[in-house]
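Which chain is which? They are A, B, C and D, in the order written, and residues in each are numbered from 1.
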Amino acid sequence: MIRLIRRNAWVAGLCVLFILLAVTTKLIQPDYGAGDFGSLMRAVLPYAFAVAAQTVVVIAGGIDLSVAAMMAVTSVTAAAMMNGASESHALFVVPFVLALGLCLGALNGFLIVWTRVPDIVVTLSTLFVFQGVALLILDAPGGGAAEWLKGLVVGTVPIPFLPESVTAWIPKALIVLVICLAVVWIPLRRSQLGLSIYAIGSSELAAFRSGVSVARTKIAAYAIGGLFAAMGGLSLTLSTGIGAPIPGPYLLASVAAVVLGGVALGGGKGGLLGPIIAVIVLRLVRTDLTLLAVDPNATTIIEGLIMVIVVMLGAFLAMRGRTR
Amino acid sequence: KEYTIGISNTVQGNGWREEMICAMKAQALASGEVSKLNIAHRNTDAAGQLEDVRNLISAGVDAIVVNPADPAGINAALKEATDKGIVVVAVDQAVTEPSAYVISNNQEEYAYLGAKWLFQQMGGKGGVVYMRGAAGASADSDRDKGFKRALAEFPDVKVVHEVFTGWQQDQGKQQILDFSATGTPYQGIWTSGIDNVIVDALVESQAPLVPVVGADNAGFVGQLTSVEGLKGAAVTNPGSIGGAGVALALQILDGKKPDSKLVLVNPELWENATDEGKAKLKAAADPSLSPEWPVSISIPGWTTYTKDQIVACKGPGE
Amino acid sequence: MSVTAAGAEAVPLGKRIRRFMSDRPLVPLVILLVLLVVALQILRPGIVNERWIANTVKFAIPLAILAGCQTMTMLTGGIDLSVSTVATMAAFIVSTQAVEHGPVIGVALALLPAVLIGLANGIGVGIFRVHPLIMTLGTSLVGIGCLQVYQRTVIATGTKVPAFLSWLGTGVTGGFPNALLLFIPVASLILFVLNRTGFGRLLYAVGDNERAARLSGVVYWKVILALYVGSSLLAGVAGLLYVGLIKAPSLSLADPLLLPSVAAAVVGGTSIFGGRGGYTGTILGALILTVLTTLLTILQMPEGARRILFGLIVLLVTAAYLRIVEDR
Amino acid sequence: MLETTGAKKPVTTNPILDATGVAKNYGAVAALRNASLSVLPGEVHALMGANGAGKSTLVKILTGAVRPSGGRIQIRGETREFSSPGAARRAGLVPVYQEPSLIPDLDIASNLRLTRTPVEPFAEWVRELGVNDLSLGATARDVPLAIQRVLDLARALAAEPHVLLLDEMTAALPADLAERVVDVVRRQSAAGRSVIFISHRFVEIAAMCDRATVLRDGETVGVLKIETGVEERIVELMLGAKIEKARGVTHGARSTATVAGPPRVAVRNLAVGKLQDVSFELANGEVAGVVALEGQGQDELFEALAGARKPSAGTIEVDGAAVRFAHPADAIRAGLALVPGDRSEALLMHRSVRENIALPFSAPFRRWGPIALRKERATVTAAIERLQIDTRAQREVQRLSGGNQQKVTIARWIAAETRTILCFDPTRGIDVRTKREIYRLLRELAGQGFSVLYYTSELEEVQHVCDRAIVIFGGRVVDVLPVEIADEAALTRAAYGLPRQSEVAP
């Protein structure tokens, strides 16, 4: 019970932080409007999928250092396949790339289970492997993306019964994000598999003894991570219109946001909402600092400080809680 | 008139890019028309630059001067900017977004000039090490066209090693050391502006000093006149193009649109094989500059700042 | 419960070899290293000469020092992802400050952020019990941000690598890289600390069983604090050496060494869960990775294929090693 | 004394479960070598054996949690090998393991969903087992241990198993809950289901079991029908020899009274965990026994004295001076060190015997420097010899036998010349010979003026080693018995909080 409240308190705290930042944004830049919020959400997309990928794996008690590399592989695959192809070809490309992500993730899980090498080491190795694969597919940023796909995250859609002044604040990018995450996450949370993922993260031994197939569950968790990473890769391709073989900064960002989002490294606890809000908060911090014309490198410092301070605070509170 | 100008750049810590930023600041200051610069200058990729440009749009700038990470990758944001009436100028490298202006060195010519000279020095045959810039950057692909054009003219010259330095000094140096450790023979090195560290590497590892082509970076220009036995050529590639970009943006804001959306500056080649070339190098050398800064710190007809201003690297209000 | 004495009964040869190797875990590593060098020599006859060896050693040294940081932190069940940032900071600061203030003050200034980051890591991990991965990641972000901001303030001054560092990093005396002058003492120090000092014992103890260590009077945070400060200092020293080698300070100088430093420690047999491993294995691991890099360059494969092979080999070696050491 | 339960069920000749020749090796350790177990339908079958005999290992093998190294398992005459507990569960074998198996971070409802346990029957069983205020939304981690055990059992029962395997199910339960368990098990067998029951409590065995299989050192050494007088036989089989009455080992050598000055340790009104108000003294040269039922707060007492846990009230005095420990290091400096009951809490399993013994020497900051290897070798060797540690596998402590591991944990403090050793059930899982050695050693230490506080779960040990027995019940010291009268019966009475019987047993 206390735990439940505390977990929700963490998410609530993040929401408060977000609102404070939003207000600050409006104060700094009174012209900040719905369109700008749309930009923010588009910037959030790849980060959000990366953190979703990491979250599933961390809840299962693992860690995936290859998240960004998987995004690169899927992004260049999509860009290479769509390059010069017809608009309708993308209809085939999207499911293919999602399946590819699923397979890459499953490969991670399989290697961890099969070699019994610690997950950090396995995903460190596959990080190199996937980077290499991405470079073999495209040795330089390039390729293309179908226009309708690019249009998927631009602008807004009219939503029945909602006035335009409201829908303007619900950019397509946000809708895409929510739908993609929800389609995977909500059924997962309710399924036996989802439960098993939490179980192996909480205690592999107890889960095994409760009849959970630890190996299969672990592979599934990494596979779902791969699926989210593929969504991240796709979101990169459709926002830039190209695929980039060198992984972006999504690995560090994903680990940071997972922890800021209240998901304990070690597994078994937390949800997806916290990390997603954390990721939005981090993006908004960058926006605010740009609005203030602060050196963007100061943003790195601030992101790091937020991470260190929040995590220390969390650890401190946990410690106090334990000694009580 | 008091404009705010946004600047976006995605390679940090490269001397050329630092000079570019300083030129932008100096030009903004010298013009007297700019009240504030909003500079997003960091190491990132197209996706990161998209975010930066969009944040600059949110910040309400009047013009954006951008050195693009990718010719097409940031088009969406550039279009959003021009739709809002923001003037967009890409410097140093082209973008494919038609509503943006481009002002850059003639990159294809840059590579062609240098490569052709190099292959001549090699006697029209042998292996060349091809040290490119950042993969996917349009300056790099344009230069690749020029390089390939020259290569086609010399059928006996072969590329024995091709790498992307990412326009990072440390990477370039490591790559040449790695390569020379393999013992593969080569007769010349073409670099996309990561030049002085390559010469250093050859000297330090006591490898044979083959002809090297680079850019007009102060360090390299100095090496061409001082390093014993080094043959080489510097092709101009002014980092001050950034200042020109700011000047162009201000012109447009003031209502003086250029005839073409594309403005090219033509490069020159200074070699140390002839006395004439040596004289040019002597004249251009500027040991007071940081070795990674191009010596062409201004672009006549575009920039109006003084040397002191660009070296001070201060923008309006700093 | 009972213990069967390992003795007279006939043990199959395979098992005997395994047991032999599991008792001497360095043997398979040496074998692997030799195999790689032989492969190199076959692919390009004559390459393995004095100059090549000196060059390989030169490049393996900074990696081996950073991998030393990983080894020590991994022994306690931690990991230090801030080493590359610390190394880069030290390198960049010394190259910008030594010009004006001379080498001594330059080096001191360069190692200052190392100490600060180490302290922060130690406090976070040791006292607040933050996961080392997160803590070192966070301080690394802060550090790199500070460095980038700092870089903007020294654009006009430019950078210059102090001569003594270039000498140390690139010089070769009588066929031996000068870097050995730094590395031999540093490596001996690490080996000595790990094997012959109380502090070294405590690193293993804390990583093997923290509760047991605590009940024996070991104060966790003191050990961890000292460890992370030490690791950071070592990383700073590696950065100084590395900038002497590359002679081109940049904001991402040591970044490419971070993951290989973890890989070198892991390949060298140090367990990421703590309590097991040692520095000799790590040095071999660093050499193996360096030779492997050369081998992959020689094969003239595209960059992509090289990375794939690198990743696969790290995984393969770790898995095989695990089999050998664990299965008794 | 022992009596067999009610009317026998009709005995079918075909066992529902039949395991033969089961073996399990963990590296050099043979947890099981040749175990067999045959259970008839509707039978309650006791699995007995000393600590470490291999009972739990057998249960894990039968239920697919551990792969056997050899042997054959038949279910209803059909040879089966389960690859996972899930598979065993589907075949009707449902265990309650010795350690709680709920997923700590999931709430109870999710835990049920995970094992596909129907909620209604589960809730029914929980009430049946005497727990009335259970919330399905509670996170398992937050549920007290005893209740977790009950939930484990209820979950197993709700699965309607053909064979229920209970591994020391009752050990952590208070008496009332334990009784409920016995009731429930009886009803299972009445309904024709089989139960394999592991417990060290003869009362429970006698109350409901039909037969008992006895394991010793991983081998089945006998199968007995539970009937009057079988207890002696079982104990004999368990220990492998008739237990000699090893009375009066050395406890005549008491030197306590002769030492003048303040007591070595004085505990006054200490409150910590379940302990509310505990006071006693430990003299120089004394071995004081602590006796308490499972879970009376004895572990908290030892941890507080060792500085591993902060008391909430009361004082601890060492040599007459009040002390306050913020860390075990403080206690060690004051000369108090803990030998925990669980060896895995005390040892660096992957390190050598030598490093394990020398560990306390390196702990203080001033000892972080170079190690005086020669001195260390001398100290360690002396300690090894004194405890007669078998060091054939000394490179990694995990390769040592349990008894030798336990000796290492004690040797550490002897080498460090720690004046007061807090031994918490040090003979748990140790063979009789080693036990004797430990008794002798502790008496010897006492003779040299060292003090020992000795908690034991085996009451007869008190008369082997202790000078006095301090009995704790309900958070307080309820009695202090001089060793002469501290026999099992007296201690048991006291441990249950009953007053002393005035006359000494005949």
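Simple rule for what comes next: a residue touches a chain if its C-beta (ideal position, glycine included) is under 8 Å from a C-beta of that chain, and two chains touch if they have at least 3 such contacts.
From a predicted model like this one, the values you see are computed outputs, not experimental measurements.
> Quick check on the contact graph: shortest path length from chain B to chain D, in steps?
2
> Name whichever of A-C and A-D has more C-beta pairs touching across its two chains.
More C-beta contacts join the chains of A-C.
> Counting only Cα atoms for the centres, state how far chain A is from chain D in Å.
Distance between chain centres: 46 Å.
> Between chain A and chain C, tell me the centre distance in angstrom, where each centre is the average of that chain's C-alpha atoms.
For chain A versus chain C, the centre distance works out to 31 Å.
> I'd like the Å distance between the centres of chain A and chain B, where a centre is the mean of that chain's Cα atoms.
35
> Per the centroid of Cα atoms for each chain, what is the distance between chain C and chain D, given in Å?
Between these chains, centre-to-centre, one finds 44 Å.
> Touching two or more other chains, which residues of chain B qualify?
Within chain B, residues 12, 41-42 contact more than one other chain.
> Can you list the chain A residues in contact with two or more other chains?
139, 245, 295, 297, 300
> At least two other chains touched by the same residue of chain C: list those residues.
148, 152, 303 - these are the residues of chain C that touch more than one other chain.
> Taking the top-of-page definition of touch, could you list the pairs of chains it picks out?
Pairwise, the chains that meet the contact rule are A-B, A-C, A-D, B-C, C-D.
> Quick check: in the complex, which residue numbers of chain B touch chain C?
Touch list, chain B to chain C: 12-14, 18, 22, 41-43, 161, 163, 168-174, 177-179, 181-184, 197, 200, 204-206, 289-293, 311-313.
> Mind listing the chain C positions that touch chain B in their complex?
44, 46-47, 51-52, 55-56, 59, 148, 151-152, 155-159, 170, 246-253, 256, 293-294, 297-298, 300, 303
> Would you pull the chain A residues touching chain C in the complex into a rising list?
63, 111, 115-118, 120-122, 124-137, 139, 245, 252, 255-256, 259, 265-266, 295, 297-305, 307-308, 311-312, 315-316, 318-319
> Under the stated contact criterion, what part of chain B meets chain A in this complex?
12, 36-42, 44-48, 50-52, 54-60, 69-70, 72-76, 80, 135-136, 140-141, 164
> Show me the residue ranges of chain C that touch chain A in the complex, using the header's touch definition.
Going by the criterion above, the answer is residues 79, 120, 124, 128-131, 133-135, 137-146, 148-149, 152, 259, 262-263, 266, 271-273, 302-312, 314-315, 318-319, 322.
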